[in-house]
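One structure, as structure tokens, below. Some questions next.
Going by the order they are written in, the chains are A, B, C and D; count residues from 1 in each one.
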Amino acid sequence: MIRIAVLGCGRIGVMHAANIAAHPRAVLAGVFDIHAPAAQAVAAKTGAQVFGSAEAVFASADVDAVLIATATDTHADLLELAVAAGKPVLCEKPIDLSLERVNRCATTIAGTKVAIQLGFVRRFDPGHAAVRRAITSGEIGELHQVVITSRDPGMPPPAYTAVSGGILRDMTIHDLDMARFILGEEVTEVFATGSRLVDPALMDKLGDYDTVTVVLKTASGKQAIINNSRQAVYGYDQRVEALGTKGMALSENRRAHEMTLHKADFTDRAEPLLNFFIERYREAFDAEISEFVDAVETGRAPSVGFEDGRLALVLAEAALKSITEGRVVAVKELN
Amino acid sequence: MIRIAVLGCGRIGVMHAANIAAHPRAVLAGVFDIHAPAAQAVAAKTGAQVFGSAEAVFASADVDAVLIATATDTHADLLELAVAAGKPVLCEKPIDLSLERVNRCATTIAGTKVAIQLGFVRRFDPGHAAVRRAITSGEIGELHQVVITSRDPGMPPPAYTAVSGGILRDMTIHDLDMARFILGEEVTEVFATGSRLVDPALMDKLGDYDTVTVVLKTASGKQAIINNSRQAVYGYDQRVEALGTKGMALSENRRAHEMTLHKADFTDRAEPLLNFFIERYREAFDAEISEFVDAVETGRAPSVGFEDGRLALVLAEAALKSITEGRVVAVKELN
Amino acid sequence: MIRIAVLGCGRIGVMHAANIAAHPRAVLAGVFDIHAPAAQAVAAKTGAQVFGSAEAVFASADVDAVLIATATDTHADLLELAVAAGKPVLCEKPIDLSLERVNRCATTIAGTKVAIQLGFVRRFDPGHAAVRRAITSGEIGELHQVVITSRDPGMPPPAYTAVSGGILRDMTIHDLDMARFILGEEVTEVFATGSRLVDPALMDKLGDYDTVTVVLKTASGKQAIINNSRQAVYGYDQRVEALGTKGMALSENRRAHEMTLHKADFTDRAEPLLNFFIERYREAFDAEISEFVDAVETGRAPSVGFEDGRLALVLAEAALKSITEGRVVAVKELN
Amino acid sequence: MIRIAVLGCGRIGVMHAANIAAHPRAVLAGVFDIHAPAAQAVAAKTGAQVFGSAEAVFASADVDAVLIATATDTHADLLELAVAAGKPVLCEKPIDLSLERVNRCATTIAGTKVAIQLGFVRRFDPGHAAVRRAITSGEIGELHQVVITSRDPGMPPPAYTAVSGGILRDMTIHDLDMARFILGEEVTEVFATGSRLVDPALMDKLGDYDTVTVVLKTASGKQAIINNSRQAVYGYDQRVEALGTKGMALSENRRAHEMTLHKADFTDRAEPLLNFFIERYREAFDAEISEFVDAVETGRAPSVGFEDGRLALVLAEAALKSITEGRVVAVKELN
């Protein structure tokens, strides 16, 4: 049994803590939050120990590995501490909103043997992973085009949006990683365009966008298209499509159940989409923990690591530059 | 080009006349209706000749074949006349509402070489026919169970219902033929139950049913289940399902187009079903004419003939007897 | 927290034990199995206490409620003991294979205030439950017809089949309960027919059937149709359909994920169905425990109780009699 | 009855001639082809007159209107002749491959009252048109994003590709018009990227692309994304999706029938897509003729006219420029 401590007991940390507690090969070794009652609430439910500081977690001999789910601006620091302490770490994305800081972190931890897994949970979604498998198995032949539809059910609270780093670093970054995962080769060119349609006043104020299209291209000419919106009133819309020389694989949305209604005015009316990410990616969050436990148990590197986190941010920066300059940006301009 | 005359210019006769006129290997040789203006309207549109009587049609050297779409109680007489005149005939179902009259007709035409096709149009539906092909090709292995869902969008006008012969002879008869078509072997036992739920007052008055379930069984134990309702407010519901040892084939409903709507309360909302039979079985009506033209051109027997019409009526009678007596009825009791 | 002990650590008992352990308002208070290592294995994983006998469970002050998942022939005895001990009980179906024994049990426990829940888990399936809600909310109007498709992926091991009590008491019984749940009123007439198609030799030997159709009717004329097969090679096929005056509600099959494949020969190819009941009814098994915990917490009766278990068996007996006698059987003949 | 003559009896001309002949309010007044036997073949089947020259068609008092389905490089000339002769004209797309020639044609016909309809048939597809209606009716609120998936089943013959004008003018042009139709406001910015993946050798030789992504933007910030491939082995993939503030409308692919297959390895396996455009857009081709007949009957302008043809070509030119220069191209640079 791998004993994992969770740093950060916000919404996603609480979920990870419960998943670890229920995992057949993991134990929730403890929790920490700068706001102590948040950690205590998790402890009350799971019986896990409450740590008084992140340092205490890293120092504990009862902790085999850590999961970082704290505020974004602490990720890089905690990650460096975890590596220094030799504790394998599963770190929520993003590593940091600043590419400079991420690059510095990369230098700091260069050469470490400590397992680092980045929290790009969607790679573990059974449907999206099946698309990737349809490519690696040769089922759909040589890959030509990828289409990623990724729309949130609605705008986050304005306070969150203001510190999110902007839609590209906050939301699109998941899709940029998904594009890299599905493409299976590095992106060399980025084009993006952004609009202010959902909440133009707020977007103008923040210099941000709520509706974004990104087009990626690899050296061999493979194309990936991402379409993002901050508001899909019909629910959290998460689709991945891959076109190859021998066919297409399509990961569609899920619903809570399969009851459809047929009445005088319509047929096939289904439930709204699963809403929000904790519900939609429930199986993926479980599989993400399993991947981490496997990596720690066997000493191998996790399938999605620090460099994946860094490269997704590089693509987000390239996309921002493309929006600003109205042109294709070569990834090497930024990396 | 096969020159076909249409007898009866009601709704279905008008549709057949147009289909024949548009058919690449057929010509609409003429039309007849006891109500002359009905025939004249078709003629005005198609340029076809108006005949003054059914006898004139049968006597005409310009008519290669006839399609009977007159009132049900004239079918058997006209069919006998067509056979006597040596004109291949496509006769709308049912041959007659009386099994005795149908049996007499069988005797009268016994041994004829004249092609007779019965208007069980659903056999020609591309989806339902594909279910049958999935069986004959071995794709789904040995057949075990058939489920036929067949529901009308709403009650016919009371005047029609009163002379329809009852739901079993009027509506279920199509499904009884579909069951025989899909089963590919003869039914030996029939069970049925009927309810008065849609319009209990009318059904009580007519001694009829509006909601019916029929269970058929063959000598080898294959089962077919038919569920009928006179009222499916979501549209004309027409599904055929076949379970075999190697899989299931399922012919689902069609819609006018594939636009779906996704809003805050629902997803995947599609159009109501195609409504009614002329729209739903449009391709099937075309294919039915092609089958008839093929048969006339080549001199072979049509794939669905007089005996199919007679046996469907035998099953309807057996189902009625089963409802009345609350027991399984052996087909040989009636045949 | 409700402290629940699990009696019986076979496949389904182990699953229940894990679900209870992970439940936010329940604790796994202990486990018992006549084969001690089975209980010890569960204990090792969950930290739960191992009891030496069922009697010890019922006597324990640390046990608030029990879940019976032992061999079928012990259900009635243990249920009576639980009631005698005043422990609320969630009992796997069937209560017993003998209606006489079930009736005796009913007499024994008559008038008890102890909560008894029967393990008809499918009532808690989110899709099937949504069909029921579409009726109780008036969404689809007055109910007319119910169609239940229920097919196992393949024959159980012959040894199991031999002691299963036959397909009607073993498999159809779930669908008979589902029919009662969806209909919302009592069944008064039963018709059934059985065939031996999947494994005729075994079925002949056991006097059992592998392919069954059951037609149920209520006093008001509502119809329910069940089609069962012991072998659907495409997976565990579980569908529920309800037709009413204002529409149709349809609970369709689920899959592990929503990836579809589109190639030169086909489109929309999806995963096989979830297989088997533990996977298909995962959410339902969770919700079943929640229902039990709620009932115990609040002292109310569970929504599915002893009499539901008894009446499903009465319908199974009526169906058997109908197969044998080839006629409609009135439920009152047996009840 | 509107008497329509068809110029050009290639594959699409033959189809139009048959549709006109079968149309309830139109008559096929005659046909012309520079290769006389092609026209004679149509005449033999339909009884229509064969004209000896295009000029004879325009001069005929028996021709109310013309449909131009000749080789692309004759469209503009014939269109000018039709206008000069005062004959309403339905002209297949494109008007010409040269924007300069199209602009010259625009000058020539400026101010004409003669009805001109451009053959952007997809606007008449029942599903795609329903997406547009979901916008104009307010059903999905303010439009934000449009996604058009448009992939051909396979590369056209190399000889055709060589003279096609390139994928943007030949294939994408349909989608550029669809984007304008769905957006309902003018595109101001164009970005495009092209790859050579399906047949790199041929594409290199022709300086053409087989895989293209185009991103369009309107002045208000609405985005439209087009993804094109010359090869979708699973069939002719034609989808249109519109995201608005109140929901999403999605026009999905159609199949020849709704039979699905469920076997040990898969479920829901459907037919390949309808292939090719004559089959997929059958209803749309009929509705296109109806629109033309309506316009001619009532004297109103067709809903899709010459300027739509010209603007789609402008967008194609802008997209080409964008591919070449790797930047966003303002439409006004070309128009």
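One rule holds in what follows: a contact is a pair of C-beta atoms (placed from the backbone, for glycine too) under 8 Å apart; a residue touches a chain by one contact, two chains touch by 3 or more.
A quick note: this is a predicted structure, and the numbers were derived from the prediction, not measured.
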item	value
Shortest contact path, chain A to chain D, counted in steps	1
Most widely separated chain from chain A, with each centre as the mean of CA atoms	B
Chain pair showing more contacts of the two, A-C and A-B	A-C
Averaged-CA centre spacing for the pair chain C and chain A, given as whole angstrom	39
Distance between the centres, which are taken as Cα means, of chain B and chain A, whole angstrom	57
Contacts with two or more other chains, residues of chain A listed in rising order	233-234, 246-248, 253, 260-264, 271
Chain B to chain D touching residues, read off their complex	22, 24, 45, 125-128, 130-131, 134, 139-140, 246-254, 256-264, 283
Chain C partner contacts - residues on chain B that touch it in the complex	142, 144-145, 147, 149, 151, 189, 191, 193, 195-198, 211, 213, 215, 217, 220-223, 225, 227, 229, 231-234, 237, 243, 245-248, 326-328
Residue numbers on chain B that touch chain A, as the complex places them	233-235, 253, 255, 260-273
